[in-house]
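Each of the two complexes below includes chain A, the first together with chain B, the second together with chain C.
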Partner chain A sequence: MIGKTGLTVRLGLVIAASVVAAFVPGLLPNLFYVHIANLTLLSGIFALSLWIIYSVGQLSFGHAAFAGVGAYMSALLSMRLGVPPAIGVIIACLATAGMAVLLGAVILRLRGVYFVLVTFLFGQMFTLLALNWSDLTNGANGLISIPAITVGGFSFGPRPVFFYLAFAVFLAVLLFAWGLKRSTFGRAFDSIHQNIDLAESCGIDTARYQVIAFAIGSGIAGLGGALTAHYIRFVSPDTFTFHNSVAFITMLVVGGRSLFWGAVIGAAVITPLPELLRDFEGLQHIIYGAILILVLRTLPGGLISIPSVLRRKGGGR
Partner chain B sequence: MTALLDVHRISKRFGGLMALNEVTFKVGTDEVIGLIGPNGAGKTTCFNVVSGNTSPTSGRISFDGQNIVGLKPSRIVRMGLSRTYQATSVFPDSTVLENVMRGAFTRSEDSLFGSIIGSPASGTARNKERAACMEILEQVGIAHVHDHLAGSLPYGYQRRLGVAIAFASRPKLIMMDEPAAGLNPEESQAMGALIRAMHESERASVLIVEHDMRLVMDICHRIIVLDHGELIAAGSPDEIRNNPKVIEAYLGTELVT
Partner chain C sequence: MTGGLTIDRIDVSYGPRSALRGVSLEVAEREIVALIGSNGAGKTTTLRAIMGLTPPDRGTIRFEGTDITRLAPPAVVKLGITLSPEGRRVFPQMSVEENLQLGAYLKTDTVEIAHTMKRVYAYFPRLLERRGQMAGSLSGGEQQMLAIGRALMAKPRLLLLDEPSLGLAPIRVQEIGQIIREINAEEGISIVLVEQNANMALRLCQRAYVIESGAIALSGTGAELAASEHVRRAYLGG
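And now, the complex of A and B:
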């Protein structure tokens, strides 16, 4: 049975990854590296969620804004209303998805560069709102001392402990993306990506499926944003800006857009860069741009295409 | 004759241009109808209006007794009215078999949850679909390339694949926009035979726009002629062939010496 072997393989991989992950915080030389590992996992969540939107052929330039909405929402829920952060992140995820449904229903009829422009504007609107709605967001100062996520008195605040939470959520999102790709929804999404008119002619309600993909992707971004807020315990209008949206897209392109693995690889390669490039403060965005151009020129399929490119070159008859 | 598709006085205006002007026709069950006319007569517009890709300026369209004006194209397809496109239209980065399975998307017994976790029931449903789609590929004669990427197929095969995708949804009526465009005379004739065969085996009505008159005369029971957005004639192939209005539309009114 195809279904059964697929399930076994997946279970095996999950167990293997979990065993490796269990030792990671202990093996890393100091907390700084643990912090980088945590940020990488969070980036992985953002890149994967962006990939889900990309899988219906749309590129969102406002992905960080959805993460930001999730971050502010969960932070405010816990600080102002005393909602436990563990519940707050789930509310943030669902509310962000709901917002994406409303926005998506209006803007997803736009395609290509028009969609990109509107999502860019949405991102800018979010930043302006976060800056100027001071009563709620505390303006440019941002929200400080956001409580950490605690479950039954156990705090996920310390970095090595948060690692396990981030890893669990990342793994869940990864498995969800994998399952989604193989599912009937995945088939509909890819049909829309490849040929939207033909997809509609196949009886696939393209408008509906695009909204679904946008809502799932944005909702997961909201979840990731909320996790980030409770991890770094601080959120400001600068936490999730246009530059973050560009960074997520860079991860997708550098890793490879065709498969969700690409998003994971891209996150793993791109996230540590700013930390490693600390000495070149200010040049970071130029370096991002250079990497983007380099990858697009030499490896359009991203890093995940390296094996197949090598195979083609090696087996060239 | 019970009308499967009932198009009643539809008009479509693009700014000052009347692309369709009060066109009325019916397609019954188990019929093959040709829709012909010179370039710019409004044939493709007529298809787009019926399939829901654009809405008519006025008029009524009912399919299987239900109004379909204003419905999404995908909804109309699910009711049993499918279409093909003038240009080749496939999912280029998927295999030929996968293309046909996407055509059968709405008939799939696979469930969302089952397919996400990869349940045995989902596997069974998928195997069943795969077998049904292979049968369709056998019928259109491209089963031997089922595992090739659709984008890598030669042109003639891609056109056949387009037909297979449209038939995969088991439509009651299929509208084909120039299925033989770009094919050589032999291929064109084979396409005609294929459409006839699919019509007979699937018991689907066919509404076909085509410029290859030999193909149209060969396979159609009735023919409808459009010119400048107006219906100028309807009848059997023989009647159409000898209709002075039709000859005039194609050759013009001035005498050619």
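And now, the complex of A and C:
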């Protein structure tokens, strides 16, 4: 529990970050960096949404598939049915959440490694469907020339402009996750994460809360996927694969899983990596794996635990 | 019998592995019933079946006339049964008070919750001293108190206690035993006491069951079982 002052400090941080963010596109040396900043914000959305699922003690290995479903759905709605992308992304968000409710009601009875396996299979199914349902998805070629998001004739297509949209959505998701954590839902989520049998013995409907968390997390992933599709203007079966799911998990672990700030920090650290590692094409995933093992071995609480680790060492306890 | 708990010939299995076979058990109103047996005999499984955590394949469980065999845990709690589990008994990263509040999760009347919490603190003054402390940092005995206190917060009419003496120093075992007796007498709560410590359990209870490899082997009053040759040899070390 954080007190009144903690609340003010955190709100202040959010406002300060927003002010700084306002100048970011202008300060970055070229469009490539703006692009990286945009991808980082989108990753932040994905990592936060995965954190929400993790906060009830489940680890989804198919998170990218939900992003992919949102991406295809919003893209197809705008290209085939002429739905404005600004509305399409919201439909994609809700529909993905609805799909997660159906899936979650069935698979959330599974715990631990079994849940992980089924979410992994769900991810693979999505990739196969995207590849083979060519009439709808255009197969391996993917969907090209996806329209950008426009609101009242104003286009969020250009990279520096999209930055503000991505930042606004990221901030909204961040505040939502924070509010969720502090609500009575958050208390129930915590109790399920810490001791699911005990939570159930207290009369908490753990299955219901796990489905809710799974739906919220997956819905936000669908929203993020839809935003990505209208930003990159292209989506294919390769856009959201198992490797992306692993990358999202890596962000959580590297940043720190215990608090949602960890997801944000993990996204900020991990997202630029593929661009920096361009020259090591093919080795990227090995490097991801190495980072994961290194962090789990030496800093299991992730980067956000560094202050407390230092304090413990410095305090001589 | 309308009041109390009646378990009628239940079978419970974990996948292909059978854990309970034809277990029947009765707990009258305001009674303390002990369930003793060795590790893996099926004691915890019996409690899990009552709570709805591991529903039985066959047989019925009735509480105060209601069939609860297939009810999910929240519904069972709502009817007035709570469990203080063995092993991981508390929410480690929450304060003592937050743990207690979660025990009253299904209660909405804040005045009643505050009143119940006061009573719990009266039984366990140590918890009041540590109310702001993280439950994970409490000693084993304190965590046991918290687990019982948490279970009381739901104002149950039947309390299931799984190994309350496990890992405690002999003096603490006596303390806990005394409190269990007080709770039973003052609150009028029926108690199922699952124990490996047969000595303590047989002294506290009115009636007891001995469970061996998933089936009830013996039953009787606490004194009868304490005098039985079989129980003395197998469970009382004499």
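Keep in mind that, in the parts below, the second predicted complex is superposed on the first by the 305 of 317 C-alpha atoms of A that agree within 3 Å, B and C clash if a C-alpha of one lies under 4 Å from a C-alpha of the other, contacts with A are read in each partner's own complex, and residues count from 1 in each chain.
One rule holds in what follows: contacts are C-beta pairs under 8 Å (C-beta built on N, C-alpha and C of every residue); 3 or more make two chains touch, one makes a residue touch a chain.
Everything numeric here is computed off the predicted structure, so don't read it as measured data.
Looking at the shared chain after the overlay, A:G179 reaches chain B, while chain C stays out of its contact range.
Judged by the touch definition given at the top, the superposed model places A:R187 against both chain B and chain C.
Contacts of A:I265 after superposition: neither chain B nor chain C is touched.
When the two complexes are superposed, the chain touching more residues of chain A, out of chain B and chain C, is B. Of the two partner chains placed by superposition, A:A92 touches none, neither chain B nor chain C. When both complexes are overlaid on chain A, the residue A:D197 reaches chain B and chain C alike. Residues 187-188, 190-191, 194-195, 197-205, 207 of chain A contact both chain B in one complex and chain C in the other.
Contact residues on chain A toward chain C in their complex (touch as defined above): 187-188, 190-191, 194-195, 197-205, 207.
Listed in rising order, the residues of chain B touching chain A in the complex are 51, 53, 72-75, 77-78, 82-85, 89-94, 101-103, 105-106, 108, 110-112, 115-120, 122-123, 126-127, 165-166, 168-169.
Residues 51, 53, 72-74, 77-78, 82-83, 85, 88-94, 98, 102-103, 105-106, 150-151, 154 of chain C are the ones that touch chain A when the two sit in their complex. Considering their complex, residues 1-4, 6-7, 10, 176, 179-180, 182-188, 190-191, 194-195, 197-207 of chain A touch chain B.
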